[in-house]
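In what follows, subunit A forms one complex with subunit B and a second complex with subunit C.
Showing the complex of A and B:
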């Protein structure tokens, strides 16, 4: 069972990431800090405050955010792939990314602050998926193919709307803000925000894991899932709702972080097989590890921070090629 | 495997169904009872798959009704139906490399419940079925990497794992080599002898004539004949169905149709 192993890997990645940054902090410092925090040993107050500030206030929120975003995007990617019976599908399929980008840009143009941009991104992400599903229902029953088409239409609409906003934006002030937002970043998250976003994300991932056996049945085809007693339309909407909720939360907090939801499920499938009850937790853990690593790179590779969305794209392409090479034979 | 020995009957009466302007089924009636093998013959596009989907409750009929054991199918829950009717589809999608054993285990879903884990009884049932179908050596293999015949047997295993008394198969022989066709036919006969009711659509008049207790002919959305193979399946019927002239040849108590 590789799940405990992945769990241990996640712990190690998080610890390692705590040591990464401008100010040098070793594992020993972290242990000393934890011991002092648990009143097992003593540190000079100034040293303790410094470590508290760097570890708890600065680095921990980012690491938690990276773990949450990676886990959520990977789990929802795996869920989408099962529901749409397509290993090349990513969580953006139904337009959540396009909608969220538009929402964030709209808030930035209206001169609203970061929190409003996040709320707006979240709402428009959900709205875009709602629009996609609505369009699908115009064509009668919301089958897989009409959902994909609805998502394309919704995504195209919000991409066009985003272009209008960019064109209309003040090129010295607003346009860069939009562009930077779209590149994705975890730089502005604080502990309070991470802790408030964690419960819904973990609940969403838990819901997807609970729906795992149903996803296995859906992967066999609609009629076959029906013959196995699955209420297909309801199940599909429930899975899409949970996956959309958590990916919209991620995008609203961290901006556009591409590729993770597409290739991490592939890696997980190579490790634990396609059964979703095992695949979803494995994908979540693997995605968390990957994004902690990518965020570590984003923070340390250059003197100034690189947007994490760029890192995931750069790392994602070779990773995906690697997976494609291994997975190709199972598609024949 | 059978949950109970009481006879069970699935029957559709006067079913109508249209897609747009096209009337696919126009008052078709067809049933199957436990212990029977019923073959449904019809040309491509005659509406066989639609009729099977109506009988399983995947589509709601626009006219007529479907009854399972005397109760209207509409009043039964999906899970209840899944414990009584199993389905082996014609074209099966396999985008992910599930193992043979995992696929068969999916058949236990109506008994386990959608949110529960399989128990020891389910594991034993799956082991037993894999053994019976000769799939034990393949149990750990991805079913995307086995032959088409083995995959069809895997899907039959999944259907049997449902413990259903009625088995609906859409062209189960299509794409199978001769050996796998014969093995599948052997399993179907055994299952019928054990009290399973089998309804299948097929394009093989010879097979149908050989294994069926009843044969039904679907022509232009209506069941034009339904009865014992010897009464229903004649060169005249084949000409009506497919527009092909044949001669019936009998040897060793079997009948085959040779095209002229």
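Showing the complex of A and C:
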């Protein structure tokens, strides 16, 4: 069972990530800091404060945020792929990214600060999925195909609305602020924010894991699932709701981070097989490890920070190609 | 037979030189060295570039046929009233609202003015406007030091020599005064500055970026060393890098960052924050530093030089503010106005 192994890997990745960054801090510094924090030894007050500042207030929140976002995007990606029985599906399928981007841009144009932009991104991300599902319901029962089309329509609508906002924005002041936000970053996340966003994200991932067996039934087809006694439509909505909630939280905190939700589930499937009860936690752990690594690279490779979306895409593409090579047999 | 005659008559009509009431034209050389034919008497012009249009707000607002962007409610009272009636029709593509060339032609300007965009392609701009049949004149306006020459060029071009000279002289005097002081500061005593552009404070500019020209002119040493690669700027930087670089002073593009700083204790080990040296650029009616980059930097540079080196560059900022707003925008600022501008 590779799950405990992945858990250990996540712990190691998080600890390793604590040691990297632009401010030179050695492993010895970190050990000295931990010893001082546990009152085992003493450090000069100013030095302790600086180390606390960098390790606990700057690096730790980013690592926790990267782990949460990576886990949430991967778990919701895996859930979507199994509900829609389609390996090309990612968490943005039902329009959550378009809606969240629009919400953030709207807050920025209205001159509201960062926190309002996050709240607005979250609300509009949920609203966009609501619109997609609503459109799907207009055309009879929310089958998979109408849901996909509804998501496309909702996504296109909010993308167009975002373009209107960008057009109306002051090009010298507001537009750069919008572009900056949309690039996505974990840099401005603080500990308080991470701790307040962690419970809903963990609850969402937990709900998806709990729904794993129902997902397995859904993956066999609606009729088969019904014959097993699964309330198909209700189950599908519950899964979509949980996946949307956590991906909207992620986008509102970190902006657009692509590819993770698409390729990490494939990687996990390679490791633990297609059973969702094992696949979902494996995907969440792998996604967390991957994003901690990507963020570590983003914040330490160059003097300027590299937008994390670029790294996930650049690293994700070769990883995805490898997975496809290995997985081809099982699709044929 | 009848048809043939009418065809002939039509052809004759076409060949006949039509008596056209043609205005006197003259050839000028623009600031990229191109030769352009423009009418002798200029009624209206259209400026396709926002920083140049803003210079016209000060230099000759009556000559504008349109503006690029609508003027905000709060800003309006600082600008000449004549601007309030002008349509906002957009500007060169790539900077927000793109103008529809038909809209420009319908306003019948005598010619089009555009700045030499440091990251743009004048050839592409020229091809775009070729369809309108309007001559295009380029003005070099990238650095503050380009402004005196640009103002004199525009003065000659538009018959506003004395106004151009008046503004050009003031800018030259300021630059000379600030330069003299800044040159006297030994490199190791130059003040290190971090320029915070986003509410989270983690977007900044490379040290050679035109976005922070005012800081460099005023003798500030930007802590982020890199080469600007794109128009937008706003390079991401990590807080660890900022702590490491130990800036003595932080300049924020707008109030958001300073407001948020109280909720961001993780900034406390940044030297400038610890010493409470965080300043916000005045922005009414135009930002003094950047976004957009304009003639207002002439005041921004003095404000910064005084902020950086108060002993070497003493300045009555309130009096100088009144003087610049009077000279450039024709405003008579009250003391309450100055308070609002300076926060």
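The rule we apply is simple: the second predicted complex is superposed on the first by the 332 of 332 C-alpha atoms of A that agree within 3 Å, B and C clash if a C-alpha of one lies under 4 Å from a C-alpha of the other, contacts with A are read in each partner's own complex, and residues count from 1 in each chain.
Note that in this section a contact is a pair of C-beta atoms (placed from the backbone, for glycine too) under 8 Å apart; a residue touches a chain by one contact, two chains touch by 3 or more.
Computed from a prediction, not measured in an experiment: that's the story for all the values here.
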item	value
Partner chain in contact with A:85 - subunit B first, subunit C second, else both or neither	first
Touched partner set for A:217, first subunit B, second subunit C, both or neither	first
Which of subunit B and subunit C A:315 touches, first, second, both or neither	neither
First, second, both or neither for A:229, with subunit B first and subunit C second	first
Partner chain in contact with A:273 - subunit B first, subunit C second, else both or neither	first
First, second, both or neither for A:116, with subunit B first and subunit C second	neither
Touching residues on subunit C, where the partner in the complex is subunit A	50, 69, 95-97, 197-203, 224-226, 232-241, 243-244, 254, 256, 259-260, 264-266, 268-269, 287, 291-292
Touch list for subunit B against partner subunit A, complex	53, 56-58, 78-79, 81-83, 85-87, 89, 92-93, 95-99, 102-103, 106-107, 109-110, 112, 114-115, 117, 142, 144-145, 159, 162
In the complex with subunit C, residue positions of subunit A that touch it	21-24, 49-50, 53-54, 57-59, 113-114, 167-173, 175-177, 179-180, 183, 185, 187-188, 190, 299, 303-307
Complex contacts: residues of subunit A adjacent to subunit B	82, 85-87, 210, 213-214, 216-217, 219-221, 223-224, 226-231, 269, 273-275, 277, 329-332
